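Paired with chain B in one complex and with chain C in the other, chain A is shared by the two complexes that follow.
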Partner chain A sequence: MIRSAQERGYADGYRTSYPAGHHRGWCDALLSWHASKTHPVRDVHLLYVTTGMGVPYAPIDEAVVDTLSRMVARLTVCRPTDDVPGVAFQEKPHGMLVLNGMNLETAKVARVKEMGIRTAVWMTDDPYYSDVTGLFAVHYDHVFTLELSCVPFYRELGCPSVHHLPFANDFRIFRPRPEDPAKRVDVLFIGSGYWNRIRFFDRIAPYLATKNVMIAGWWWDRLANYHLLAGKIRLGQWMTPAETAEHYASAKIVINLHRAPDDDSYNRNNRRLPALSVNPRTFEIAGSGALQLTDVRMDLQNHYAPGQEIVTYESPEDLIGKIEYYLAREDERLAIIRRGLKRTLREHTYEKRLDALLQVLFA
Partner chain B sequence: MTMLKRRKPQNRGTRTAAGKKSKPAAAGRKRGAKKPAPAGAAAARKYSEVYNRAYDAGYDQGFNDGYAKGLEDGALDAQT
Partner chain C sequence: MRTKRKRAKRTWKRASRLWHIRRRGYAAGYGGGYAAGYHAGRCTMVHERLASASAQFVPYDKSVMYVSQGTPGFRTIDRGIMNALGRLTREAIHVTSGDPVALLAELHRPDLVLVLNGIFSVGTDQIDRIRAMGIPTAVWVADDPYFSDQTRIVATHYDVVFTHEISCVTMYREAGCREVHYLPFAADPDLFRPAHPPAMQTDVLFIGMAFPNRVAFFNRLFPMLTRRNVLIAGGGWQHLAGYDRLKDRIWLSGIDPEMTPLFYSGAKIVINLHRSDQEAGNSRRFPGLSVNPRTFEIGACGTLQLVDERAELVRHYTPGQDLETFSSPEELMEKVDYYLNREDVRRNLAVSGLKRTLRHHTYAHRLHHMFQLLSQPGGVWG
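Right after this comes the complex of A and B.
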């Protein structure tokens, strides 16, 4: 009997942990491969103007600065409130890249252009604030937008060079990592309670109340069913990217639900430009080693193969069905995570994005 | 008079369609989780101790073997 206990216990333990070990090893190998890749350094001097804002933009600024510093021979960084033309006059960069652009006066952009310096802006929030971005986009030589529907919009405004350029994953932060037992949940959503999200989560609240779930962000007390989920909601908590990444990596399923382009309570999009493209968190969740269940945006299939590298849902009922399905099928869950991670490492990095941007800027 | 409350039975399983009680649903056991000992005999406790110790050893070895194989597979996968 003792021998039987020994053999059975060992076999059960081995069988339980092997897939998790394999998954971790596989992810680490892919990350090592990615880290070993080097990019040629362009012999150019770039002036980068940050958003000049805090969260959630500062981490994007950091990712762009870190990446550019490895991709160009010289990088000068300043804030939109600085004397940008003065810096440009003194440093004489070959080009200037501005992130977001809302805080940089157009007169400053014009003065930099007068010096013969190529200018580019990368819009961060399209199409939600198109009433504002439409006012200053025309002052740049090149406009990059993460939203497909904004490409014709800026062209119609007279911008000579407009390109679709989504954000990406910053693998310094969002990467597979060992689970934190204190953060382990089956289902996770991190983000603000915009009204379309409130309506959606109110419908699935009775189901989520029965699950090991965590929701974190602002405004979730607007849920009619808040009482059902109160113990699972971290209300008003703004997580840093590092904290968010730890939670993603410790969750079996992370829900992604894009905000609505026609929510007038927060947006400034009177032209009602549609939202066709994916949000930055699409790439961040995929890079973190969690299974992502996302609502569908038209552009999604250009980045990930639904059902293979990411899972999509069409309705609250569909989401519930897929949560149940993948929580019960660990092998399938891990396989989709691995394919999504691989695609993200290959195609959705800031190195890839900025390489494309620099090609345009210095063509 | 003070009424003594009866303790609620813990996780005794559910009744099957035939009216018999089924075993409680088996939860996925993680490293360090103890297999419940069969009621009664010292032999059962011994069995449980040996099982749990072996389970932990198997868990560690399984993870390490899986990790090594995952590194190999991942390195190959990265090339394709």
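Right after this comes the complex of A and C.
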């Protein structure tokens, strides 16, 4: 009797934890394999100008610097407020890459270009600030934008070389990790309460109120149904990427809902350029090993196969149906996560993006 | 009234004790299940990544007729060879030794007739007829050196002889075979793979027939066999000393070859003990220097292998890194104790062995090598 109680307990425990162990073992083996890959170093000297801003840009700067330092023979880093032409004159780099470019005076760019140094900018906010970015893009030899719809826009402005270059996942931060029991939730959303999101969440609030949910970010008190979700909302809490990553890794489902391109209260996009491309979060959630439910953007299918590597929803009702479906089917959920992670590691890393960029810059 | 309350109290106490025992069991099982799952997941990933190694080989524009022996003991080898032939040739035709092989060869006109073993199976008269048609013939001997007295004579009827036993290469040359090559066996990664979830959890597993040298060896393992969660599967093990006490750990009916990967994957340690080379069918006493197919098959399942050392082993695996070796029953028991207590070390060895197998020891690798040898100048395809 005692023996069988012990054995039954053991068997139950074994069965319960085996799939989770299998999933993590698989993910870790995949990660360590990718980590062991080495990339050839390009024999060039690159000058990198940071965004010069704090969050949320600083982590991107860090990721780019970290990746570039392994990809080029020499890397010089400076801020847009530094004497960039002076540094360029002294260090004589082969090329200059500017991230975002909003804070770098165009005169400085022009002077660097005069020295015969190839210049490139990688736009990080398109299309939301196209009124501003449109003013300085022409000063660069090469323009890279993460927004597909901005490619023709910059071309029409007269930029000679314009390329679509989406963001990527920084696997140093967003990676599958052991889940934190304190952060364990079924459904998670992290992000600011832009009006399109508020309207959407107001419609699913009665449903979410019955679930193990967490929402974190600014402005969520604008929800008409705020009282239904008040206990589940971490209002005004801005999380560091590391914290966000921990929350992603401890959630079963993470919702991604893109911001609207025509929200005039925060945007400077008078031309109403559409948003066709996915946000950086798409890659980050996929890289964290959580199941991502995302709204559809045209460019999405070029990055992930819907239904295979990611799950999409068309409407609030569709979202509810899919949350229910995947919460009840652990195997399917894990299988999609694994495929999404594989794709992210294969294609959506900073190495891949910067390799494409350097290819263009030093062609 | 009082007795009733007492009884209720007693029942409650008992139930609560059982509940605690069960909860402790659950906690232990939870840890064990997670660790086992983790290892299985790691192996699955490695397999996904490396099992398609045969895709790197460019197929040959040739048609090959494969003659299998048709006995159950060679079924996994047959399937491995056929799977690889399907990928590496234009056309792979599978016939068994009971078929009218010469007639079928005349019909299909293949670029090569490849016979496995060739001793119990297809008659040499058939081979002579095929050769007379101008179709090249090759034999891959799978049981050297145990039947070398017979294979020596049979082999002379073929154009090319492949043997997995390096000590027999010179024997065939001296017997008059023109072209003789050493070609070790391998594993089929589609058949032998880390299974998820495995069939049965064991600490120590041995699958194989009870040849006399094996029984003698296992007789000296008795203390370990009673103490550990052991499974021995194969015919003839009733001759083991203390069989009555070990009965429930011995499956005399053996395990179906198709099922063995499920058992290998569920074992913490798999023992591989080669058959003795001092047997009647090997009267000239050619030494067994090469490893058996099982070495590769265990390696393909992501489990730690303890194998008796043969000279050729280091050519395929690095002991202490991809697997472990033993030379006496005492050493085996010592290593079993060591590795059962060191889960991480054991599992790292197992993963390393799996990688090595998938990178170098699949049938696709072997057949690719075989075709390269045949295509050399002066070879039958040269």
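Everything below uses one rule, namely that the second predicted complex is superposed on the first by the 360 of 363 C-alpha atoms of A that agree within 3 Å, B and C clash if a C-alpha of one lies under 4 Å from a C-alpha of the other, contacts with A are read in each partner's own complex, and residues count from 1 in each chain.
The rule is simple: a contact is a pair of C-beta atoms (placed from the backbone, for glycine too) under 8 Å apart; a residue touches a chain by one contact, two chains touch by 3 or more.
These numbers were taken from a predicted model, which means no experiment stands behind them.
Novice: In the superposed model built on chain A, check whether chain B and chain C fit or clash.
Specialist: clash
Novice: Touch test for A:R203: chain B only (first), chain C only (second), both, or neither?
Specialist: neither
Novice: So, A:R234: does it touch chain B (first), chain C (second), both, or neither?
Specialist: neither
Novice: Of the two partner chains, chain B (first) and chain C (second), which one does A:E7 touch, if any: first, second, both, or neither?
Specialist: In the superposition, A:E7 contacts both chain B and chain C.
Novice: Contact-wise, after the overlay, does A:T16 reach chain B, chain C, both or neither (first, second, both, neither)?
Specialist: both
Novice: Quick check on the superposed pair: does A:C27 touch chain B, chain C, both, or neither? Answer first, second, both or neither.
Specialist: A:C27 sits against chain B and chain C alike.
Novice: If I apply the document's touch criterion, which positions on chain A are contacted by chain B in one structure and by chain C in the other?
Specialist: 1-2, 5-30, 33
Novice: In the complex, go through chain C and note every residue touching chain A.
Specialist: These residues of chain C touch chain A: 18-19, 21-46, 49, 196-197, 351.
Novice: Provide the residue numbers of chain A that touch chain B in the complex, in ascending order.
Specialist: 1-2, 5-30, 32-33, 338, 342
Novice: Quick one: which bits of chain B touch chain A in the complex? Just the residue numbers, please.
Specialist: Residues in contact with chain A: 28-31, 35, 43, 46-48, 50-75, 77-78.
Novice: So in the complex, the part of chain A that touches chain C is made up of which residues?
Specialist: By the definition above, chain A touches chain C via 1-2, 5-30, 33.
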